[in-house]
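You will see subunit A twice below: alongside subunit B first, and alongside subunit C after that.
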Partner chain A sequence: MSLMHWAILLPFIFAIFVPILYKYIRPVHTGWFVLIIPTVLFLYFLPYISSIANGETFYEAVPWVPSLGIDFAAFLDGWSLLFVLLITGIGALVVLYSIYYLDKKHEAIHNFYVYLLLFMGAMLGVVLSDNLIVLYVFWELTSLSSTLLISYWFQRDASIAGAQKSLNITVFGGFAMLAGFALLYVITGTFSIQEMIGQADVVINHELFLPTMILILLGAFTKSAQFPFHIWLPDAMEAPTPVSAYLHSATMVKAGIYLVARFTPVFGGAPEWFWVISGFGLFTLLWGSLSAIRQKDLKGLLAYSTISQLGMVMCLLGLGSAALYFDEANELYTVAILAAVFHLFNHATFKGSLFMCAGIVDHETGTRDIRSLGGLMLVMPATATISLIGAASMAGLPPFNGFLSKEHFFMAITDATQYGIFNMETAGMLFPVIGWVASVFTFVYCCIFFFKTFAGPFNADRFAKTVHEAPVGMLISPAILGLIVITVGLFPNLLSQSIIEPSMASILNGLPMDNEAFAVDIEHWHGFSAELFMTIGVIAFGSLIYVSMGKWKELSIYKKSEDVFSPLYDSSISGLIKGSQKITNVQMTGRLRDYFAYISVFFLIVVGWTMIRYDAFAIDLQYISEVNSFEVALVVLLLVSVLSLPFIQQRVAAIVMLGFIGFLIALFFVNLRSADLALTQLLIETVLVILFMLAFYHLPELRKETKRLTFNWTNALISFGVGLMVTLVAFSAFTFGQENDFSPISEYYIENSADLAGGYNMVNVVLVDFRGLDTVLEVLVLGIAALAVIAVIRLKLKEGDDV
Partner chain B sequence: MELLMSVVVGVFFMVGTYLLMTRSLIRVVIGINLLSHATHLLLLTMAGLKTGAPPLLNRGETEFSDPLPQALILTAIVISFGITAFTLVLAYRTYKVNKTDDLDQLRGSHDE
Partner chain C sequence: MKWKTNNLLFIHVTRVVSFLILAFSIYLFFAGHNDPGGGFIGGLMTASSILLLYLTFDKRKIDEMLPIDYVSLISAGLLIAFGTGFIGLFIGDPYLTQYFDYFTLPWIGEFELATAVLFDVGIYLGVAASALVIILTIAGDQ
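The block that comes next holds the complex of A and B.
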C-alpha cells in the first residue's frame, strides 16, 4: 500500500468518524472537520504537478485477486492529476460552502457528509485506478453515493423520484460498461488499461471491437448525461446545491468524459469511435443549449447547460481521436484535445461558481424561479458580480477563460472539415454549423441566467423572506472560483504546460513525439481568423435573440419546460412494472398444486434435456441380478397398493394402506440383506400410523373426503412423466456404475470397521462412529421437529391473531 | 431385480407426485411420505442389489451388500419421519383453524 492508495481510502476511513464527530461535538459544524480531508488531499497531490509536467507517471499496485488478474493499481498521469485536483480542490470549496448552506441544527448533516466523503473517495478511485474491475467498483460507488445525495431530503417525493431515475440510468450504463470490460478482457487478456494501450491494434481489428466499444460508451454516455440519457441530470437538481455544484457539474458527470479520454489511446483512430462520440456529443451540445433556454428554474437551466457543455467536450474528444488515425501530432488534430481538456477545466470553475450563486439566490430569496426573480443586483452585489463573471465566461466572452476554450472549440470544429478522412469533407460541414448555432443559444441562456435574476426592478414584496446579501463564508467559495476564471482568462499559459500538455500526452498516448511536448500556446489574439468572426456572430445573434425574448416567450414550445424524453422514460418504467405484474398474476395462482406442477415440469425438462444432451441413458440388462418368485409377488403387491392410493375415498383406508406399504417396504429391506433398515422401517411405520390415527381421533370430521375425488388428466400425465424419468435415471445410474466398475467407498468401512471401531455391524459402525457427528445432528433435527410439533399443537391463538 | 426395482421406484414417484398435486392436504402429506419411501428404494437400487451377505462382519462372509447406502437410508428414514410428523401436525392445525383441508378453499384466507 503506497501513499496514493491511502489517499483514495482516506475519505472512506474518515466517513466512519463523521457520525461520531456529529454526535459528540455538536457546537461545531461537522463540515469544519470534513473540510480537512479534501484540503489535505489537494495539498498532497499539488506537488505532483511538476514531476507530471516533466513527463513522469506514477504506478503503484497492490494485489487484490491475483488469480483473476485484479490488482488495486493506482496510476497517476496528467489526465488523472487534472481530475484529482478538481475533485479535491472543488471538493474543499464545496464543503466550505456547504457549512453555510446547511444548517447544523435542522439538517441531518452527518448523513450529508458521510455520503459526500463516500463520493469523494469513490471518484478518486475512478480516476486513479488502472485496473478496470477496480475502476468499475468505484464507478458504481459514485452512482450510489450520487443517488444518496440526490435523495438527501428524502421527505420530498421529487427527491426520491430524481434519485431513482439517476440510479436506474447510471447503473444500467454501469452494467453495460462492465460487460464491455469483460469483452476487453477477452480481447486483450488483461484488465490493466496501460497494458491495453499497447495492444490497441489488436483491439481495433478484433471482431468484438464494435460491441465492446458500444457497451463501454453506454457507461460513459449515461454517466456524462449524453443524449438521450441526459434526462436524469435535470431531475438530479433536487439535491442540495453544494451537491449539484460538486457532483452534477464539476466532477461526477465528467467521469464519462474521463473514461472516453482514457480509452482514446485504445479505441482512437477507428471511424466508429470518431463518429459515435463526436456525433452524440455535437447533438447533445445542441439539445442541451436549446432545452436550457426553456427552463424557468435556475438550477434546471444550469443542469441543461451542463449537459450541453459536456456534449461539447465529448464532441471534441471524438474529433481529436483522429490524431491517432494519422498517427502524428499535427496541431490540426490535437487542437481538439487541447480544447477539450482546457474547456473541461474551465467548465468546472465557472459552472461551480454559477451553481453556488444559484444556491445563494435560492437560500436568500426562497425561490429559484426566474419568473419571480429579478433586480437582485443592488441587493446582492457580490453574488451578482460573481455570477456575471461565471455567466460571461460560459457565454464565451473575453477576457474570461470560457472565451479562450470556446475559441479553441471553434478552431477545432472548423479544422475538422479539413481532416480528409471518414467523409469529414462532406458530412463534416455540419460540425461548425451546429456548433455555432448551439453557441448562439448558449449565449442566450447565459443572458437569461444573469439578467432575469439580477437585472430589472427589485420588488421586495415578491419574496417570502427579507432578501439580503449572503454571509461572507458562503461567498468565499464562488469568489475563489471566480478569481480562477479571471486569472486563467488573463494568463492562460499558467495551465498550458502544467496541466493541459500532460493531459494531452495521456489522452494521445502512443503518438510518435520524439520526446517533444505538444505545442500548447493559448493566445487571446489570433488575428482576424474564422474563430473571431464566429464569436462576434454569436454575440450579435445571441443578443438579438435575447432582446426579442418578449416575442418568443409566448410560444408554446417555450412554455413547456419538460424534456420530451422524460415522459418516454416514465411510461417505460410504469409499463415495465405493469407488465411484470401481469406476468406474476398469470403464474402466481396461489395454488400449491400449480407450483408443484411447475417444479415437476421444470424437473422433467432440465433432467430430460441433460440426459439426452450427454447421451446418458444407459439401459443394459446384462448386469442385473436374478429375481425369484417371492420377490415378484412382493413387487406386484406393492404396485397394486401404491396404485390404489389415489382412488381410495376413505381417508382412514388410505392411511391404513400407507402403513401397509411401509411394512411391505420393510419386507423388501429384509429380502435385500438390510436388517437394520427393516427394523427401523417397522418401528417408524408403526409410530406413523399411530400418529395419523391420533390426528383423526381428535378431528373426526377429517376422516371423510369432503369432495368426491376427480381424476385430473394433466396432473396424471405430469406424474407419469416424472415416474418414467426417475425409472430411467435410476436404471441408467445403476448401469453406468456397473459399466465403469467404480470401487465403492464402502471398501474402507468393510476393511476397518472391526479394527478401528471394534464393531461388526458395519451399518451401525458407520452411523455411530465414522459418521457420528452426522448422527448427532440428525438427533438435533428430530429434536427440532418434535419441539415444532408441540409448539404447533399447543399454540393458542386469540381470535384474529395472525399465525 | 434392479430393473424391477427401478419400475417400483418410478411408480412410487408417479403416485407421490400425483398426490402432491391434489387439493386435499392429507393427501399431500401422504404424497410426501411416498416420495421419501421412493427415494430410499432409489438409493438402494442405484448401488446394486444382492451383491452379498448382510453387512455383518462376524459371520464369516467376505462379500457384503454395500453398507454405506444403508447407513444413509437409515438416517433418511428417521428424518423423513420427522418431516411427515411435522407436516401432519401442520395439516391438523390448519384444519383446526380454517375448518377445511381443501387447498382451494384455503387459498386467500388471511393466514395464507
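The block that comes next holds the complex of A and C.
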C-alpha cells in the first residue's frame, strides 16, 4: 500500500468517524472536521504537478485478486491529476460552503458528510484506478453516493423520485460498462488500461470492437448526462446546492468525460468512435442549451447548461480522436483536445461558482423561480458580482476563461471541416453551424440567469424572508472560484504547461512525439480570425434574442419546461413494474403444489435434455453388488408406507407415517454403515415430526371429500418422471464411474483425514475442516431461514396485500 | 401447545429423559472428531431435547426456565464459526484453515486440541438455535 492508496482510502476511513464527531462535539459544525480531508489531499497532490509536467507518471499496485488479474492499481498522470485537483480543490470549497449552507441544528449533517466523503473517496478511486474492475467498483460507488445525496431531504417526494431516476439511469449505464470491460478483457487479456493502450490496434480490428465500444460509451454517456440519458440531471437538482455544485457540475458528471478521454488512446482513430462521441456531444450541446432557456428554476437552468457544456466537451473529445487516426500531433486535431481539457477546467470553476450563487439566492430569498426573482443586485452586491463573472465566463465573454476555451472550441469545430476523413468535408459542415447556434442560446440563458435574478426593480413583498446579503463564510468559496475565473482568463498560460499539456499527453497517449511537448499557447488575440467573428455574432444575435424575450416568452414551447424525454422515462418505468407484476402473478399462485410442479418439471427438462443430448444414459447391471434380504425387506416396507400415505384419513396418523418413512430411510444408512448420516436423518425426522405436531394446532381439519377422488394424471406423470429420472441418472453415473475407472473422492479423505486434520471421523472432518466454508455457509442459510420464518409469521400480510 | 390432559407419565419421563438427551447431545458434540457426532448432530439433538420440554410443559414455564434469546444465539454461533476462520488469515494461511496438535497431560494421557472444535461450537450453536427459532415461531403463531 503506497501513500496514493491511502489517499484514496482516507475519505472512506474518515467517514467512519463523522457520526462520532457529530454526536460528541455538537458545538462545532461537523463540516469543519471534514474540511481537513480535501484540504490535506489537495496539498498532498499539488506538488505532483511539477513532476507530472516533466512527463513522469506514477504507478503503484497492490494485489487484490491476483488469480483474476485484479489489482488495486493506482495510476497518476496528467489527466488523473487534473481530476484529482478538481475533486479535492472544489471539494474543499464545497465543504466550506456547506458549513454555512446546512444548519447544524436542524439538518442531519452527519448523514450529509458521510455521503459526501463516500463520494469523494469513490471519485478519487475512479480517476486513479488503472484496473478496470476496481474502477468499476468505485464508479458504482459514485452513483450510489450521488443517489444518497440527492435523496438527502428524503421527506420530499421529489428528492426520492430524482434519486431513483439517477440511480436507474447511471447504474443501467454502469452495468453496460461492466459488460464492455468484460469484452475488453476478452479481447486484450488484461484489466489494466495502460496495458490495453499498448494493444490498441488489436482492439480496433477485433470483431467485438463495436459492441465493446457501445457498451462502454453507454456507461460514459449515462454518467455524463449525454442525450438522451440527460434527463436524470435536472431532477438531481433536488439535492442540496453544495451537492449540485460538487457532484452534478464539477466532478461526478465529468466521470463519463474522464472515461472517454481515458479510452481515447485505445479506441481513438476508429470512425465509429469519432462519429458517435462527437455527434452525441454536439446534439447534447444544442439540446441542453435550448432546454436551459425554457427553465424557470435557477438550478434547473444551470443543470441544463451543465448538460450542454458536457456535450460540448464530449464533442471536442470526439473530434480530437482524429489525431490518433492520422497518428500525428498536428495542431489541426489536437486543438480540439486542448479545448476539451481547458473547457473542462473552466467549466468546473465558473459553474461551481454559479451554483453556489444560485444556492445563496435560494438560501436568502427562499425561492429559485426566476419569475419571482429580480432586483437583487443592490441587496446582494457581492453575490451579484460573482454571478456576473461566472455568467460572463459561461457566455464566452472576454477577458474571462470561458471566452478562451470557447474560442478554442470554435477553432476546433471550424478546423474539423478540413480533416478530410470520415466524410467531414460534407456532413462536417454541421459542426460549426450547430456549435455556433448552441453558443447563441448559451449566451441567451446566461443573460436570463443574471438579469432575471439581479436586474430590474426590487420588491421586498415578493419574498417570504427579509432578503439580505449572505454571510461572509458562504461567499468565500464562490469568490475564490470567481477569482480563478479571472486569473485564468487573464493569465491562461499559468495552466498551459502545468495542467493542460500533461493532460493532452495522456489523452493522446501513443502519438509519435519525438519527445516534444504539445504546443499549448493560449492567447486572447488571434487576429481577425473566423473565431472572433463567430464570437461577435454570438453576442449580437444572443443579445437580440434576449431583448426580444418579451415576445417569445408567450410561446407554448417556452411555457412548458419539462423535457420531452421525462414522460417517456416515467411511462417505461411504470410499464416495467406493471409488466413484471403481471408475470409474477401468473406463476405465483400461492399453492405449494404448483411450485413443486414447476421445480420438478424444470428439473425433468434440464436433466433429461442434458442426458439425451450427450447420450449419457448407460445402465449396466454387472457392477451392482448383491442385494441382501434386509434391504429387500426395507424397500418393500418403504413402498408400502409411501403408497399408503394418500389413503390416510387422519392428519396425526399421516404425520406419524411420514416420520416412519424417514426412520426407514435412516435404516438404509445404518445398513450402509454410515453412522453419522443415520444419526442426522433420525434427528431431522424427529424434529420435523415435532414441528408438525406443534403446527398441528393451526392446520385445518382434513375435510371429508364426498365426491369421488379424481386421479390427477399430470401430477402422477410428473412424480413418476422425477423418480424415474433420478434412478436412471444414479445408475448411469455409477456405471460411468465403473467403466472409466474413476476413483471416488472419498479415497482422498479416507487417507488424509487423520494426517491432515487430526480426526478419525471422516464425515465430521470433511464438515469442519476440508469443506468448512460450505458448512458455515449452510448454517448461515439456516439462520437466514429462521429469520425469514420470523418475518413471515410476525409480519403477516393482510388479506389482499401483494408483494 | 396446550395439552388438555395432564399426562403424568409423559411429564415424569420427560423430566428425566430430556436431560439425558441434553447430556448425550453434548457427548455427541465432543465425540464428533473421532466418532459419530459433531456440531450439526449435537445441535439438532440439543434442539430436540429442549423441544421435548416445550412439548410436555407450558410454553410460559419453559420460557421462564430457559430465558434464552435464540435469535441472538444464531448470530453468536455464526460469528464464532466465521471468526475462527480468521485464525488462519492471521497466521498467513487461507481463510478457515484449521489447526490441531497433540499434548500429553499428566493423568489424562495424550490429548488433542483442535481449532476445529471451536469452529464446531459455532456450528452447534447456529444449528440448535435456528431449529428452535423456526419451530417455536411457527408453534407460537396465533
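The rule we apply is simple: the second predicted complex is superposed on the first by the 631 of 803 C-alpha atoms of A that agree within 3 Å, B and C clash if a C-alpha of one lies under 4 Å from a C-alpha of the other, contacts with A are read in each partner's own complex, and residues count from 1 in each chain.
Simple rule for what comes next: contacts are C-beta pairs under 8 Å (C-beta built on N, C-alpha and C of every residue); 3 or more make two chains touch, one makes a residue touch a chain.
In this text the structure is predicted, and so the values were computed from the model without any measurement.
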{"item": "Touched partner set for A:N330, first subunit B, second subunit C, both or neither", "value": "neither"}
{"item": "First, second, both or neither for A:G590, with subunit B first and subunit C second", "value": "first"}
{"item": "Which of subunit B and subunit C A:V642 touches, first, second, both or neither", "value": "first"}
{"item": "Which of subunit B and subunit C A:T367 touches, first, second, both or neither", "value": "neither"}
{"item": "Contacts of A:F720 with subunit B and subunit C, given as first, second, both or neither", "value": "first"}
{"item": "Partner chain in contact with A:A730 - subunit B first, subunit C second, else both or neither", "value": "first"}
{"item": "Touching partner for A:Y760 - first (subunit B), second (subunit C), both, neither", "value": "both"}
{"item": "Which of subunit B and subunit C A:T680 touches, first, second, both or neither", "value": "both"}
{"item": "Partner chain in contact with A:Q497 - subunit B first, subunit C second, else both or neither", "value": "neither"}
{"item": "Subunit A residues touched by each partner, larger count belonging to subunit B or subunit C", "value": "B"}
{"item": "Shared contact residues on subunit A - subunit B and subunit C", "value": "675-676, 680, 684, 687, 691, 695, 698, 760-761, 763, 767, 775, 782, 785-786, 789, 793"}
{"item": "Parts of subunit B lying in touch with subunit A, wherever the complex brings them together", "value": "1-15, 17-24, 26-28, 30, 33-34, 37-38, 40-42, 44-50, 52-58, 64-68, 70-71, 73-75, 77-79, 81-86, 88-93, 95-97, 100-104, 107-108, 110-112"}
{"item": "Subunit A contact footprint on subunit C (complex, rising order)", "value": "1, 28, 31-41, 44-45, 47-48, 51-52, 54-55, 71, 74-75, 77-78, 81-82, 85, 95-96, 98, 100-102, 112, 114, 116, 119-120, 122-123, 126-127, 129-131, 133-135, 137-139, 141"}
{"item": "Contact set on subunit A toward subunit C in their complex", "value": "675-676, 679-680, 683-684, 686-687, 690-691, 693-695, 697-698, 757-761, 763-765, 767-769, 772-773, 775-776, 779-780, 782-783, 785-787, 789-790, 793-794"}
{"item": "Of all residues in subunit A, those that touch subunit B in their complex", "value": "590-593, 596-597, 600, 621, 623-627, 631-632, 635, 638-639, 642-643, 645-646, 651, 654-655, 658, 661-662, 665, 668, 672-677, 680-681, 684, 687-688, 691-692, 695, 698-699, 702, 705-707, 709, 712, 715-716, 718-720, 722-724, 726-728, 730-731, 733-734, 737-738, 744-746, 749-750, 753-754, 760-763, 766-767, 771, 774-775, 778, 781-782, 785-786, 788-789, 792-793, 795, 797, 802-803"}
